[in-house]
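All remarks here apply to the structure that follows.
Chains here go by letter, A, B and C, matching the order in which they are written, and residues are numbered from 1 within each.
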């Protein structure tokens, strides 16, 4: 049904990027502009900027992955990697990204790599203006960071993994697209971060679903940029209590504290997400994008300014014998649960 | 009914200003003080400070405009310019400023000039401690910035206009007076900013009235200080969504999100505003003023630090051919609507 | 019932402090750590840091005060100064601190000194992980700063007093313990600050109780760090209005604006406080503590950076003849009220 794109080789680049891609991170200082206007000379959108992935060339984008399958109308394009399925409706300009990595859509390095590449492709595709993120796995949106990536690996691996987590957030929180999380399952820790990084969060009514930044429950601490993203959504006091208790909120509670914007029956979730994206896309793109940048710039800039320290801190922490021991024990426990 | 004061010549001055006028912008660093106390040497309230308008001399203030008309009690003083009527009740110390510029109280350079001069006069008048802002135009509080001022004019004109918009906000958001917006009509964009810059917002119950920072709907972006003022009132998340969608909120919705503090039937609006001002005036002036400064200083200072860049950005933007073209088209559309 | 500890001589020290005591103020930069992990070299927790009180030596801690009285089980230890009774349940790790300074638990220099010493002892006691703060005085939690300390004293005394107020807040707002305020009476000004500095606030249902930062009502202004603590709890807009009006909120109102987290019947207050502490103590200490630091660090650091100026401002203010005169008049009025 969907062609498979070979994963781009993971490399770290530092170079000039096209305007559309980096503008959320290095925003146009002119806040009163209209679509297509960038009067700055030189355009700040071409400022050098360190990124994880190389820019995908248009050639790659238009390869096999983009041949419309026979069953789809010509208005639909799809591509799929191993862990994420992306469908773009070119008539509406809205892509849907479906996490499909059993058992629980955990954020492994491979998953994050595919996620970032998919985001980059869509960001660079003029036909795509909006994005809905959802899951094909029953009852789980995403379980968050994959603990396997933090256990028994090299320091180089830990650094690469953490950079990928950062990159995912930078791309999603700073995306120029309208982004809507259609949260159709539980969404702890890193899964909650993905939802928080979108423009709007709709969650399916289900008494079994929970969402929250529950890192403290595991004896770890959410990084400062998880916290900043959370505070921007729910305010300081709610975040202070929720983070310290590592709370996983029920759906009504998440709605009440503003962690999700709307709750609908599960069968209405997709439809509602489409309607919300359409509402946001009714605005002129450039004005909406610059407004978004104005709101999120401080938090994005703060992370970028401390990115390398943040990686170093993570690597130092996870490399410690005591941490390795407790992570191994935790994984043993998980294995026994399954067995 | 009210004498007319000739508009002061618009000039740009940079000089030492009396304490009362600038203290919100250059606040006394001593936060524990009582009325009349300023122990700092030299008093920081006399710090040089760039302003749009010269200080009105006491002579001007005490001229014809202030002769009590025969029909008014000696406790009432009134002055009126072309676009704004000001009445000061010297027994209560509360002035009422009524926008009376048909058809929609749009914020032209002349309107803003009169507004700033009136604010300055009241600020410098020891008999005046509180201010109610309302409209005499049915169904409209203020429609916001006048697009005519942004179209087909010189760059000098654009700069003068934008400086006047800034000045209005600096004076109102930083006013030492108790300021209450009695919002008796719709209040988009710049009109909403005026309400947001007061200490308290009361809106008339009317299903036709709307209020909000809807700049994004017009393809433009609210300046950062509009955004900061909005965030201070409604919080980051509500502001993020409302600004990106350029939402004009109904009265109940505006109340629910905290954009207005109170909703009353239109016939009770003036009475309620008077009661609220009285409640705030029951506090010792100096303690209340310094508390206000403490709350608003960061946002006022941030704008002052970027004032000239903000003007330059506006001028660059509005001078572009493409922007001029779309503004002309927009005005043509408005003319046809009326015709 | 409880042994009395002689008050430590009040002195000002600047020296290296043990990690547990200062970590909230000089937090570990590594946000992803587990209990006992501090991979930084040199450990930032030993950074020199100016404090009011010397560290209590273990000898003092284990003296007579800690001999279990015959009637108490061996799981209870108690110590009492003149103004505060402290009981530590070593089985649960939860201490209860009871203000017992008639008539209204006002925050005199002696009270603050005992408060800080008690906090320090508990902070350094590995058996203590949680703290409940409440009052033994009917209908009053704490009436706030003692005006007697600001009247007719030397400038040295004013400085010492203000440093003690600061120190109390630094220790409580930055405490590593789980702190719950069981507010069983009215709590204006400094009393409200104590509640705000805890992790959670439970207030007894009583139509006569009020709580708020009402400094403006007295013609003075809450210091910036009172304001910052308040904003972190209730948000900018609510704080702006409440502080300017010097509002004392009823219990339901305090709950509604988020100034208290929960309201219970007075007879359930202690039981509820114990349950809440237990909920917070279920989390791994170190993860919870670092999360708390992450949330409160900016506000604590801002005060520390301006601590000496803040003292100087207070001393300058309170030393003025006019202020001394109004404080004397205020105290005369209070005396007549009682007579």
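One rule holds for everything that comes next: a residue touches a chain if its C-beta (ideal position, glycine included) is under 8 Å from a C-beta of that chain, and two chains touch if they have at least 3 such contacts.
Since the model is a prediction, treat every value here as computed from it, not as a measurement.
Traced through touching neighbours, the fewest hops from chain A to chain C number 1.
For the self-contact between chain B and chain C, the two sides draw on mostly distinct residue numbers; the shared fraction is below half. Our note on geometry: chain B versus chain C, Cα centroid distance of 41 Å, whole angstroms. Across the assembly, chain C contributes residues 235 that each touch 2 or more other chains. Residues 29-37, 39, 199-200, 231-235, 258, 261, 279-280, 283-284, 286-288, 290-292, 294-296 of chain B are the ones that touch chain C when the two sit in their complex. The touching residues of chain A, counted against chain C in their complex, run 215-224, 227, 235-237, 239-241, 243-246, 309, 313-314, 316-318, 320, 322-323, 326.
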